[in-house]
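Two complexes come next, and they have one chain in common, subunit A, joined by subunit B in the first and subunit C in the second.
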Partner chain A sequence: MAVLHAWRAARVTPLGELHSPPRVTAALLRLTVQVVLVASLWRGLYAATGTTGGLGRDQAVTYAVLAVLASRLRELDQYTGRDTVMQHMHYGTIVYWYLRPLPPQRYYALRSLGERLYGLAWALAGYAVCLPAGVVEPPGSAAVAGVFALSLLLGQWVLHYVMLVIDQLCFWTLRNGAALLILVFAQNLLSGVYAPLWFFPHWFVTMSGFLPFQATLSVPLSLYVGRIPLSEAAVQLAVQAAWVVALALFTRLLWRRAARRVISQGG
Partner chain B sequence: MTRSDAKQAAHHIEVRGLSRTFRTTVRRPGFGGALRSLVNPERVAKHAVSGITFDVAPGELLALLGPNGAGKSTTIKMLTGILTPTSGVARVAGVVPYEDRQRNARNIGAVFGQRTQLWWDLPVRESFSILRDIYEVPRAEHTARLKEFDDLLELSSFWDTRVRHLSLGQRVRCDLAAALLHDPQVVFLDEPTIGMDVVVKEQVREFLRHQVEERGRTVLLTTHDMTEVERLAERVVLINHGRLVLDGTLDEIRRTFGSTWQVRVTPADPHTEVAPLPGIALLRREGPQVVFGPEGPGAPTVHQALKQIVERYELTDLAIDEADLEDVMRAAYVQAGPGADEV
Partner chain C sequence: MSMNALRIVWRITRLNFRAQLEYRAEFLMMIAIGAVWQVSVIVFATVLLTRFSGMGGWDSSDVLLIPATRMMAHGLFVLLLGRVHGLGRHIQEGKIDAYLLRPLPVHRQVQLDSFPTNAIGDLTVAAGLLAGALGRSHLDWTAGRITYLIAAILGGMLLEAALFTAVASASLRFPAADYWGNWLEELLGTFGSYPLNVLPKAVGGLLTYGLPLAFVAYFPAAVLTGHGHGTGAPYWLAAGSPLVGVLAYLGARLLWRWSLRHYTGVNG
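Showing the complex of A and B:
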């Protein structure tokens, strides 16, 4: 099984980052500034009120800071490393993905796994600083922590497939810059990174329920802060798992079709 | 290897009536045309490769030649399994490449010009390690092969450098090594030395010669560098407009198209209006000199041409150049039939 031996492909993006100290410094600075600003913002918003939208101040700050930390799982700089699907299509190097015994979908999955593990290391480091500093609250119980971890895993899995769909677009459109911008905005808005979803109108929350974004971040963070009680966790986890299955099938179909496109676009 | 594979092994590459047709949209000129193309696109079929047939024996280096757009890269992409032919059959080391991409991938290596397969942000050795794992090459074997490649291509002085900081020559040498690290029987090289300086080109040629003569690899090479062809290939397949024009040795090509000659003259009066003569083309001007060459299938012999030129112009100097391979290929390209059909 080439996929087992090819684990080093998971190191591609993290190693690229570590070989570029300015990128690591920039990531550290950005994360620090984001956490400080977001914590200050939500503390300020709650200064004149005790509870809003069913959430206390500490819960809201915890949610917002965890959202910032979790967003590190997604924001690695593939573009500088010339390793986006769009760049491979542009430079014609996508052909090499099809000349190896490791199928492109498995290479992509391995690489994505490495990126998320690297992002997780950043998020955990941030969490390790924020927790004792009292910026974020600990989970309500061990059960909450466990369910949160499982939900975060499923959420990242969903996010992996959503990003993959955007990348696969390149096989038809060559470029996906606009789609990526829309995706990042939609993901931040609809998954509750900008603000928890319960602050939005009911119709908006209902509508976003038909999209996979809630499953990426809003659900695990809501479980962590107790906005979704443990008694409802099973349903939420099942919805996340359903998104994983649906997107896995959809992206599999797209990979098959993309293989027929690679030559006419790849030059 | 199956019985069928063994039967095919007589030829490492076997191509039978291979064709590939692309359907493309005609882009009409102007704003109105662009709008019409958007609303009512006109689709045409473009025959990139039309029924070509050839074989390559194990341990042979074959040069696949042709002008830009002749169909060379499309042919290589079908043989590497990236592209499925519209019709015809290809086998590479006993495998139909486009039907079994993964199995084919273990038998072949490929370099596509300046397109690198190395990871841009990583030191070269990291790329080699990733490829070692992807191809499941044992560590000892990998180390030994890397040493062999280092001896020939002098990689170790820069293999700890990130790919983005390598020069073109260094990068292509690393790409050649990367393509051969898993010990493939068949290697496809699509203009591997394009843009390189002469020293690196010679090093790469020596490396390729070693791979063919000492390691017995089968190499299919496309290039526009005729010096490379003369130094590396005994046999040449010439395609133009997607069709096979000639399959033979360099000597055969010279015999077929090598009647090409060039007559270099210096007119006595530098202001003389020099024009082509019947069957004789005016190829170029080089300062005060004018170079003539044959034109069309009914071109005169060099002696007949000399007679015509001398009778027509008053000259102070005259020389006959023996046609080199580049001239021969130019003649071959010119005589190689009509453009690709558009349906």
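Showing the complex of A and C:
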């Protein structure tokens, strides 16, 4: 029974997407065009250059295309379904999260899980097309593939908590639109979505090492393309796991404090 | 627009600006967002320029003119015509139905919905980059070149406005079409900031004749820096980029008017 309830909560946003054909068509077209453009761009840039930033042409193309595919894991729109924390705070409906038999933190986690699984289906479908087409290279070995999968899982876990912190901000500030936009920018820049972090100056890479964003995407993709060797994988995975634990404890504290701020029907 | 209409626009804009000032933290954050978005474009362009010098046969000071032109055009678009972006939410909330009842054109009401605080950050960073690009440029900035650059920036603004107006027109029928607007913004930011001749011809053609991104900044910068004949498009077409912006905007406004006539609210 619990599994059934979990499934019902997890499928809310994916169902919303599937019932909106323009969104699915747009997502498909966007992913296809973005992959073609990104692959063309990096191939074009490497036409007159050898290895740079420790990345060869095929490594850079693979990194960039995988970054595009991974972006599908984050891009679901809860706003259209009017189920973001900000909207619930605005309309006062956040109180229902606290009146249901399902705790708000579990509801949020289940929604997030469903969204990420739906996004993963898109990313895997894209990968299944790109790999035989030669757009992306296969992982160097079975061990690399395994480490990459584990690192990607940890990275998505970190990203889930980071997004949660921004949503929890609404309990104090009511609105998080500006913070969310800054977060998306920071995540894109510091996780290597715009360009692999290896192309940035050394001080920039060092600075981003102190923030959780690098752990979300740059680490798993660098492991996949071989820019981080397997011998260094254990350290990187440990850092990712440390971020998961730290953010889990922090968000748990925030949930507890947030609950004290929600007043039902006049208190 | 009559003098009276201009006066109304000015008064509403002043009110909107004061409304934004009511929440100081949000006001400052919105300025920061505008700046941060533009900085992301600069970061991307700088990384590419540093790692891949001589991009597409262009000198790096010439390349810098592309993001500078595009960002100025984008900043002006956000300031003057940017409220068409994200119209789907207005439609979902039923605001359009209310606009239709008021004695002011719907398009003008959409633009006057709020003051775009982020445009302040957008334009500040863009002006800084443009000053930097002009300072590093080895070109002789004659009156003719400066006039063409201004025309190119205005044309780029109108072209961006045309693209977002077309998406907004689609949103009147399918509010979910807003999603295309987000993608458009991302594409313009990512692929509008460097010479498109680094891409394969087919892809470059797609970004010229499919999505006319090349006309925003790449073609004008190519004409100004003497690369106009190497763009893959006829020179007269590249040189006529500002005019393309004007024509595209006029076409988009006709599409908007047609779409609005066929708009059906949730109540039928």
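By definition in this document, the second predicted complex is superposed on the first by the 258 of 267 C-alpha atoms of A that agree within 3 Å, B and C clash if a C-alpha of one lies under 4 Å from a C-alpha of the other, contacts with A are read in each partner's own complex, and residues count from 1 in each chain.
One rule holds in what follows: a residue touches a chain if its C-beta (ideal position, glycine included) is under 8 Å from a C-beta of that chain, and two chains touch if they have at least 3 such contacts.
Here the structure is a predicted model, which means the values were calculated and not measured.
Taken together through their common subunit A, the two structures put subunit B and subunit C side by side without a clash. Contact with neither subunit B nor subunit C is seen for A:V147 once the two complexes are overlaid on the shared chain. Of the two partner chains, subunit C is the only one touched by A:L45; subunit B is not. Look at A:M86: by the touch rule set out above, it reaches neither subunit B nor subunit C. Applying the stated contact rule after C-alpha superposition, one finds that A:I228 touches neither subunit B nor subunit C.
Of the two partner chains placed by superposition, only subunit C is touched by A:A195; subunit B is not. Judged by the touch definition given at the top, the superposed model places A:C170 against neither subunit B nor subunit C. In the superposition on chain A, A:R100 contacts subunit B only, with no contact to subunit C. Of the two partner chains placed by superposition, subunit B and subunit C are both touched by A:S20. Put simply, subunit B and subunit C get as close as 8 Å, counting only Cα atoms, in the superposed view.
The contact surfaces that subunit B and subunit C form on subunit A in the two complexes overlap at residues 20, 80. Residues of subunit A that touch subunit C in their complex: 20, 22-23, 26-27, 30, 36-37, 40-41, 43-49, 52-53, 77, 79-80, 175, 178-179, 181-182, 185, 188-189, 194-195, 199-200.
Residue ranges on subunit C touching subunit A, taken from their complex, read 26, 29-30, 32-33, 36-37, 40, 43-44, 47-48, 50-52, 54-56, 89, 92, 174-177, 179-180, 183, 187, 190-191, 198-200, 203, 207. Looking at the complex, you find that subunit A touches subunit B at residues 2, 5-9, 11-12, 15-16, 19-20, 80-83, 91-93, 95-96, 98-103, 107, 260, 262-264, 266. Here subunit B touches subunit A in the complex through residues 22, 77, 80-84, 101-103, 105-106, 108, 110, 112, 115-117, 119-123, 126, 129-131, 133-136, 162, 164, going by the rule given at the top.
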